[in-house]
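As structure tokens, the structure follows; a few thoughts come after it.
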Amino acid sequence: MNINDKIGIYPGTFDPITFGHLDIIKRACKLVDKLIIGVAENVNKHTAFDTKLRTSMAENEIKGLGIDADVISFNGLLVKFAKEQNASVIIRGLRAVSDFDYEFQMSWVNYKLLPEIETIFLPASEDTQFISSSFVKEIARLGEDVSKFVSKGVQNELINLNRIKNGE
Amino acid sequence: MNINDKIGIYPGTFDPITFGHLDIIKRACKLVDKLIIGVAENVNKHTAFDTKLRTSMAENEIKGLGIDADVISFNGLLVKFAKEQNASVIIRGLRAVSDFDYEFQMSWVNYKLLPEIETIFLPASEDTQFISSSFVKEIARLGEDVSKFVSKGVQNELINLNRIKNGE
Amino acid sequence: MNINDKIGIYPGTFDPITFGHLDIIKRACKLVDKLIIGVAENVNKHTAFDTKLRTSMAENEIKGLGIDADVISFNGLLVKFAKEQNASVIIRGLRAVSDFDYEFQMSWVNYKLLPEIETIFLPASEDTQFISSSFVKEIARLGEDVSKFVSKGVQNELINLNRIKNGE
Amino acid sequence: MNINDKIGIYPGTFDPITFGHLDIIKRACKLVDKLIIGVAENVNKHTAFDTKLRTSMAENEIKGLGIDADVISFNGLLVKFAKEQNASVIIRGLRAVSDFDYEFQMSWVNYKLLPEIETIFLPASEDTQFISSSFVKEIARLGEDVSKFVSKGVQNELINLNRIKNGE
Amino acid sequence: MNINDKIGIYPGTFDPITFGHLDIIKRACKLVDKLIIGVAENVNKHTAFDTKLRTSMAENEIKGLGIDADVISFNGLLVKFAKEQNASVIIRGLRAVSDFDYEFQMSWVNYKLLPEIETIFLPASEDTQFISSSFVKEIARLGEDVSKFVSKGVQNELINLNRIKNGE
Amino acid sequence: MNINDKIGIYPGTFDPITFGHLDIIKRACKLVDKLIIGVAENVNKHTAFDTKLRTSMAENEIKGLGIDADVISFNGLLVKFAKEQNASVIIRGLRAVSDFDYEFQMSWVNYKLLPEIETIFLPASEDTQFISSSFVKEIARLGEDVSKFVSKGVQNELINLNRIKNGE
């Protein structure tokens, strides 16, 4: 890494990581010299998988992509984490059916907190834009096939999750 | 019912069924040969009324409409329920002030899961489009008049509900 | 056609007809017993192709689809045309990136004019939802490839159109 | 106050009151003869501060503004509270990134309940439109600086709140 | 008029004035001491009726309403016209299906030009919110009934307009 | 420029260039190694200033910014121009009050035409997000002050433009 390298953060809860996330990761890597996938601990939001598992799932998923990216979990303010990692840009996926208002508001709050860190939006690809972790968990909870939305590895973790929930 | 008959599903939580739901039911009946009102058990969403009561309330409401519709409760995937009922189309009401993004996303997820089942949207009528079950429950909780939003039968159920809650 | 058959109108300018239109046509056919593709003369909107050519292009496109649909041009009020054709439903494609407000407003105006005719919306498929006739014409005007958006037949008409414009 | 005076209600949870709220309060005062800031008890929504503290914080904040406004807490229906206060108009702030659909729906429900009371929307100013109480509480929870969003007094209350939560 | 009276401007093209406009006018009168209906000359927008006729149509329509309002045409900047009339507030109707983005942008531009003049939005009533002058003109052009949208007087002007256009 | 340098295109009509455009230009420069400001000839859209003048105005505006950017006019497909310039990313400003749908649709069309070129969105800053060239031209046409929206140089060009229009 040289001093002028552009480091970007792609933050999320990744609960679990889906093909939609992977689409953004692959494309974000081309925009920066180094991509950090920030797995938010997110104490406010009850997550199905704990931070450690969400982080390891993300690591497994990007192994096969031949990209230069790290997976690092964080808690606390996103912009503070970005600063600690010497990142200059936060990258967010934006879906035509995404909560555009919320994303815009977040970008302004982060700008007020730390103006030197930019937020950029990558439009989700049309064939993954409808995928959301919450839909995937609900469909998996009902024992249905989620192979169009998440990888084999993530499918297995979802099966384990539901086994534990059903006390098997 | 002959083999070519078009069966449609109008799914919802109906917690409780409102004049807005009844508007869509009356109009949806004209679009298909047979309408099934699918009352979702919805384990994820805490409901004020249990599935049995929500189903019976819906049955009472459609009695007076002179339409050919059944009320059936279901749990699990909507598209699976639709397939079991030999339905070819899912009908959803869409309000100018509705969560358009969510409805679109659901239609794409359902298409990915079972492409042969279509989703169509009926624009809510202007004079019922603002009615939502959550507003009705909140106004009834405050002991106020909800006769512009739900039938006499449903009003009585709401009164009972609040009596039980207030331990009367 | 028997008296109870459900006739639907899919109206549009089709200037020219695209893969997005054809996606809606194929799916709309499954919702009604008979589909009429209504090509609007649209005196208010300057069209690149005249009504006759837009109508014949649409006819050619649906030939290969094995569907029961007619192509009829009309001028004047859409609901009046629908009534003349004994249609009970107007079918409109709706894109997550479409002018949702305009479509809603149109459905209410049509309802006020002729309440017995319903408007239903079919969510566009994700892989054709971004296609619009205006983008196709602009890309073709620049001499670029539009084969991902329109058929070979329509491509040829676009080439002729631009030849005439360029006085070749 | 004379009989023709126009009284307006600016209702909210104010959990806590932010610079965004104060911007609307200052501007709303110019639209009516008397402004009542209605602090909603809001039994449905878990609030960080109780009604008494939210009310006193609001009172402290408006002291320095030299405006003619009262702060009154209420529970029950907003339109009923407005009627009790002889108000003729409900004033709501509207942000380009606000839940426009929800606000519209509320205004129609209130109109159905009590047609004589109007709802008007004031567009939030661009430099406060992104401020929301929930962001402020989350940033304060992380021990970060919220001085760009809330006053010194409110910052102190947020510090106390987090001390109590952390059992200090 | 005493010095503290609140004067409001309700600006528009009113080409022609519809029941939707009249709904806002009646409700806006209750918010201010004096309402001025500002008919914009609008050199940029080709109008069907000239300024003089649009102004007289508006005057005729409000005669029967028993309200204290003037109709004044203006060209140039809206905020300048408002200042000349000693108005303190611009009132705009907002429809759930209206161009919300444009209205918001206009309110910010006007605020930058003349901060002392406020813009407030009145949510259109559900039964007139879908009415737009352009729909009315198109339906009238086709010789159809527009009595659900505009008054008898305006209907007659529309008939004259189309006669002139058709060279009768 | 070395082979791995990331080149970005910021395309627009810039008719004329405003403070909103300059905000995006300054921030976009930090995201790429080299920024090209692409002034679209735009034969479809009647522009107030011709391509040459729009290009020279943009050049003058960026002189004082101390950034590494070129201004190049282009006609034809945006993605083709981007490819000719060896750009890997198209940068677009996005305003909370912008035509989000149109921008999304454009990004998908461009992706279909040339998948290797990405589109990213930069959220406009809150204090320039409401500025649009069309508002600026309208206010200038009325002889009013536009100094909050455009530079001294652009103001002079607007004055000349209106002189020519008024035949002075």
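Quick notes on this one:
To keep things simple, chains are lettered A, B, C, D, E and F as they appear, and every chain counts its residues starting from 1.
Following the convention adopted for this analysis, a residue touches a chain if its C-beta (ideal position, glycine included) is under 8 Å from a C-beta of that chain, and two chains touch if they have at least 3 such contacts.
Being a predicted model, the structure only gives us computed values, none of them experimental.
Following the contact convention of this document, C, D is the list of chains adjacent to both chain B and chain E. Leaving out chain B only, with every other chain where it is, the touch network remains one piece. Among the other chains, the CA centroid farthest from that of chain D is the one of C. Legend: contact pairs of B-E compared by residue number with A-B, C-F or A-C; the interface matching in over half of them is A-C.
In summary, the pair chain B and chain C forms a contact in which both copies contribute largely the same residue numbers, shared numbers making up over half of all those used. Using mean Cα coordinates as chain centres, the one most removed from chain B is F. Our note on geometry: chain D versus chain E, Cα centroid distance of 31 Å, whole angstroms. The mean-CA centres of chain E and chain F are about 34 angstrom from one another, to the nearest whole unit. Inter-chain centre distance (chain A to chain E, centres taken as mean C-alpha positions): 48 Å.
Shared contact sites, meaning residues of chain F that touch two or more other chains, fall at 96-97, 101, 104, 108, 126, 130. Of all possible chain pairs, the ones that touch are A-B, A-C, A-D, A-F, B-C, B-D, B-E, C-E, C-F, D-E, D-F, E-F. Those residues of chain D that touch chain A in the shared complex are 97-99, 130, 132, 135, 138-139, 142, 144-145, 148-149. Residues of chain E touching chain B in their complex: 96-97, 126-127, 129-130. Those residues of chain F that touch chain C in the shared complex are 44, 76-77, 80, 101-102, 104-105, 108-109, 112-113. Those residues of chain F that touch chain A in the complex are listed here as 6, 27, 30-31, 88-89, 94, 96, 100-101, 104, 107-108, 111, 118-123, 125-126.
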